[in-house]
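Below: one structure in structure tokens.
Going in written order, the chains are labelled A, B, C, D, E and F, and every chain counts its residues from 1.
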């Protein structure tokens, strides 16, 4: 049930975004479509979240978004500086960053947000959740990414435990 | 109000294009595949994101739909760069730079040209 | 009423044939069957006789049945003196032959086949002479060719029989075609096919400028059938037929078909110089050649065959004449020859049957062992030699009489008698050879004399009858009036005017008699000196035969055939080059490149989005060209992807967002499946075939060809762009009516699913077929031959090694993306279906989007895991559902909307509270069905191209069942 | 103001097309398959952007609908290519 | 009523595709259903013929009731219904043969769906009144034919399909170029409307280009020399029942196209085209005849022979007289029956050979144990060679006659000489299979002979009782003679 | 502009033909895609004057001719299906004939 909701509710929102009208009939149809699709979903190992922790989940999620946004902007600026600098001050390399979790989703989200920010890009991930990340500038990435990762990690752990 | 929005849009578009340009310049200047992927995979994507925001102002496009599209792009593009870079590494394309924690952790292809 | 009488003889023979077939399983011996079957020709003989007795002299009995009224063609019969003569010979000798064949094959129970063929042939032959119009005649004419083919090939196990049969069919068949053409000319001139009309319009025919053509064609047909030089070559080889067949075909009947035709048409086509010269020259040549070659033979049957050829030459030459006496000679010779030649053939068969050989060198001195046969064959031979008091003598006399007719033009008046005398002499010598060689002389080696004795009565009865007749007709003191009138009628029909017939042997001392004496003495000399002459003849130009002509033709045909098939060399590229060039040649031929391609028509205004169009055009053209010069297929594929994007942008600028969307989807899909096939076909194979990596031969040529084609198309497009109207004829209708009639803002969408829904219906069928086809090819057709064995499940990465896109499992990042995107793709697709009528996207894009999301699963999770996780994915059933729904939906239009495919708004009908902008119409259902079938097909395509080696559960079960069956 | 906006947008569009050409050029002259692939990826991103810009110019969101589908799927061919490059098999 | 008579012959096979696919697990029911549907379709086609005959008016349906030229028109004019009837008869025979076939391919779940799809394509191609719709139906024929050939038991099926598909793609390209050229010139796709507009403005800038490309298209479709290269391979390698359909029906789509071009669309401009058709036809008669005499495989021989026979038909169309058109139609119909029968017999013999192959050195002497097949083959061969009393004779008679009447002596002479070649290869192959001895040949069961027997019987019947077919084709030819009638009937 | 467009279409067509004539069957397959693209573009230019607005009933001003667009949609789908089928044929050929050189695929001749 909750699995189904976790799939169908976002889908319902997507439906609304796509059709873009809040007519009650449309809500009904959208709900039906969303549920219908969620019936086709493969069995997934989504971490269960029980509804009474929903506000906490959302709050953590929003903060998570801001963290990521911060990283992105920071990375964007630094990358822009590198690119536009006439003598291209690069110090590229691949560093290993442990995600601190073994759950697929957790690792995936961390890796995603790391890769999202310009300047870092996860090349490979091993079963321990270690993310081998390619950086434009190894030195400043190393520490920054490291503590950013800690922040992410405990936010994620608050979202789903 | 109208004007303010339009100015905002104008700003967004300019920013977006700027980012895309940076992306492309990086794409041209960067020394190897991996570094180049930073440019294409991300920067130009953010260019697109800003364009979409502008579009949601200047056209009947609802912000929700714009956000959906943005979500698609942002979900996909880092993953794609991850895929490409891992493919490059697997194929045995060497990286520029001294540090490589991944070295020796996985078997890589012989041919230098994937 | 009496007309129907004419059909009876034919029906009887048909019944006879069927009877033979009916008795095929009965196990009756040939002789028993022969007696039974002989009743059919006998009866029809009597019927013909009766029918003829009803014909008032000089008139004809006719029967006609409309056959193809649309073409004015009838099936008609016609009995007059001439046809009666032949009809009686056919049925009469036919009766004897059937009995004789019965004896010949003795208790061989499988000879029913021979009887059937004989009666079939008899039917055809009788029909030929009874035919009342040209087309009917032709029907039976071909019938004789085929049935005689069967008779000659009766002993098909020996190669000679097969060759002989084929040769006779080839030659007579070829003649038949020519003759048909000739007949058609006649018909188109006279306006009718029946003999009444044709014979009445001789004047028109002879006057027609086409007369030479049609005469040549018809004469050619007749000559081939009647074995005239040089087409005579098939006759000796046809001797491979069983002797009864030879006796029938080559004495009385088939070879006389040509003679009959010429005689029949003489009143219409004859009495011209062309007619006279052609027939005289061909006939006399044949007469000489036949007589000459006959004297060379040692085998009885060929010997007789050549004498037949010679006789046929005589007959043809006689028809060529324009004199009463010639036609008297004609009818008498026909009768005489039929009698003695059938007797001789049948006797030869008996000799062969009793002694086991027909070679006159092995034979000899049989007169004591076979007195009866000696008698029969002796009489017949004397008649052939033209000696009194036999009927043959009379024939020769009349022949000489017409050969010395005063009306003959110079040269001919000396050549005709001369050749006749020589031929007569040689024929006499041949007759002598036969008799002496078989009965009187000694066999070549004394130690092994031939053994044999007279057969039983039934066997020698058949030859005895005609032999006896030729004796009686000669000896009879008083002319049998019946016979005289009969022959007179026949001659009249052929000559077109009264012919006086007398059968008196003694007509006083006259030129013919003297010439006849000369011939006899000469012949006796030749026979006496045969020991000297024949060896000399054997050595003189031994291989001077017209066979060279036939063989030459055949090898010519073979050479042409080999050349023709060599053009089909097997190389697709050659084919395509030829076709492409021919097509361009067509464009030039039809002057398809209009003058519109002229520089003044240029306009350089870069208004609106043209600048961007230019960019997109540059982008797509550049990448297209690049894709041809890039060495690695992978690079070419990537470049192709860019081309696709460029095309999409161009389409978006056109502006046509719908097409741009589909173009994008299809570009992605085709890139994916191209990559799939790159991974399926080993790179070394591809590089070996890649000219860019080694030989550059032919690339320039192809470039030129491609450039030419490109120029043509560019010219076409340029003209189109410059001459296209501002407004199409039909499109405004769509623009106005899309919204009101179909409720669709998207006009293109409206056309696709409503105005031209039938196209789309068939289009999804095509797409589904492609999917099903790939599935069947890769999981059935190639599996049964075990071409690609199953593979073990995907290679796994060893635990705790870093993961990315490579191998399996792929990295968590990618997994998550796959998980997220699949339901989103579903949602996107569904909105395309629901709102496609107002926005880009439709059932097709929906289907492709979902299938691509699934393809992504295959990539990231692998085949087995995907099939396990997406258990609901049954491609075939999706196609079933889609196509069924589509058909039902179209029917729904008929049920609720008044017309097949008519738009119906079910939502309105059931007044459901539907969200604004979404209509539950049959257009929507159509979109759904499109999506379903496309989804099924696209998944089949991706899945099977991606996993030709993995097991498909359904297919495996089926194949297992198949194996059990066989 | 409006005209300024128009001009900007036109410039932006030209810029994007030029960038697309750069990407195409990279596909032609990339030092290895992956950089060509990156070129394709960039080109498809830019294509989406161009669609968005067209919809701004035409003030018509149907081009966005095209863009959405493109955004949701265009990466799939990239992934396929990447997988092929990495270990010469896709599925 | 008539509407349904027109719709069902097309709709039934179409619906048959999903239905038989749904029944793919129960092969018996599946095949029975396929045959049943085909028979039903045939019945409705006969009804349609009756309707058109009695009213002497084309039956036409506007899909979705959108009036012409805006919607898609289905039209059963005399020519259309004539061709459709021909197809349905032969297709039914093909299904009957499939039921009795020993080939593996007929056991595959998708065989009958694909066969019915082929039926859909053929019927639709002859019944549609819209140029682009014709293109789509042609594509259905291409894809279903290619698939059925690719999955054949014959190991060369894939190669044949591959070559066929590429060449057909070339045809599709030409077709679309032609359609585009005509659309830009006349702005419409409905055949009747198009014909009317072409008649009123005969020389638009791209008219001739349109003619050229459509000509190229139909030359490929009808496998006329030198656009024939796909045909011998394709028809020889396909599964027997399929090759029978391909060689007898599929090439007729091109013939149909030329009939429409010369008598409807470009009735005014067609002179050059007609001359071209005569030339191409004569070339085909010669090339096909000699190819058939020279090739090494019975099925290939028959395929080449199709090339020649199509040549005769094209010559008839090119002469363009009422009689020659009727002759071409009669020839088309009769050839469909004969060629299907002959290919089935060849396949049946191949299935009885030691190794399953139709090449001469394998099937030589196989006929020994199958005299009945021999009788059928001889009769069929006679029909092919135009020997009475079989229907082939009527075809030949009418073609020659029309040649004589229209005074085209040169072409007539050549095809006359060439038609002796037909007799040659037919008899030779008969001799090889039934008369020559072959120690390897064993008594062996194979594909059933019912279908070819039926077809041969039909050929015999249509030879002896030729009036119906001849008058039918004359009726159709008369309609072809007056395009205005057709146009009026559709655009009324 | 017309000249440029038609030249582009011609070039695309030529590239397609050239690729179809390559011995490497994969290149020939790529040729199929290029050809169908070229033909589709030609069909576009066969449409009536291309307007400034997409063919939507609520569009303002001259719309582009919708019919050729519909035709192109159908043509795209059809050629897509065919293209996929060809690829499967190529795979089987490569396993059966152990080659991807179209000149070596000549088991059927004469």
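Keep this in mind: a residue touches a chain if its C-beta (ideal position, glycine included) is under 8 Å from a C-beta of that chain, and two chains touch if they have at least 3 such contacts.
All figures in this text were calculated on a predicted structure; none of them were measured in a lab.
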| item | value |
| --- | --- |
| Where chain B and chain F overlap in contact partners, by chain label | C, D |
| Shortest chain-hopping distance from chain B out to chain E | 2 |
| From chain A, the most remote chain by mean C-alpha position | C |
| From chain B, the most remote chain by mean C-alpha position | C |
| Distance from the mean Cα position of chain F to that of chain C, given in whole angstrom | 39 |
| Mean-CA-position distance for chain E and chain A (Å) | 62 |
| Chain D and chain F: spacing of chain centres that average the CA atoms, whole Å | 22 |
| Junction residues of chain A, two or more chains touched | 14, 18, 111-112, 115, 122-124, 126, 132 |
| Interface hub residues of chain D, defined as touching at least two other chains | 23, 33, 37, 39, 58, 60, 62, 68, 72, 79, 82-83, 85-87 |
| Junction residues of chain B - those touching two or more other chains | 37, 41, 65, 68, 72, 75-76, 78-79, 82-87, 89-90, 102, 105-106 |
| Interchain contacts (touch definition) - all pairs | A-B, A-C, B-C, B-D, C-D, C-E, C-F, D-F, E-F |
| Contacting residues of chain F [partner chain C, same complex] | 1-27, 29-30, 33-34, 37-38, 40-42, 44-50, 52-58, 62-67, 69-74, 76-78, 80-85, 87-92, 94-96, 98-110 |
| Chain D residues touching chain C - in the complex, by the definition given at the top | 13-14, 17-18, 20-21, 23-24, 27-28, 33, 36-37, 39-40, 43-44, 47, 50-51, 54, 57-58, 62-63, 65-66, 68-70, 72-74, 76-77, 79-91 |
| Residue ranges of chain D in contact with chain B within the complex | 1-2, 4-5, 8-9, 11-12, 15-16, 19, 22-23, 26, 31-35, 37-39, 41-42, 45-46, 48-49, 52-53, 55-56, 59-61, 64, 67-68, 71-72, 75, 78-79, 82-83, 85-87 |
| Interfacial residue positions of chain C with respect to chain E in the complex | 67-71, 135, 138-139, 142-143, 145-146, 149, 153, 156-157, 162, 165-166, 169-170, 173-174, 177-178, 180-181, 184-185, 187-188, 213, 557-558, 560-565, 567-568, 572, 575-576, 578-580, 582-583, 586-587, 589-594, 596, 713, 716, 719-720, 723-725, 728-731, 733-734, 754-759, 761-763, 765-766, 768-770, 772-773, 775-777, 780-781, 784-785, 876-877, 879-884, 887, 890-891, 893, 897-903, 954, 958, 962, 965-966 |
| Touching residues on chain C, where the partner in the complex is chain A | 799-804, 811-813, 815-816, 819, 822-824, 826-828, 830-831, 834-835, 869-870, 872, 913-918 |
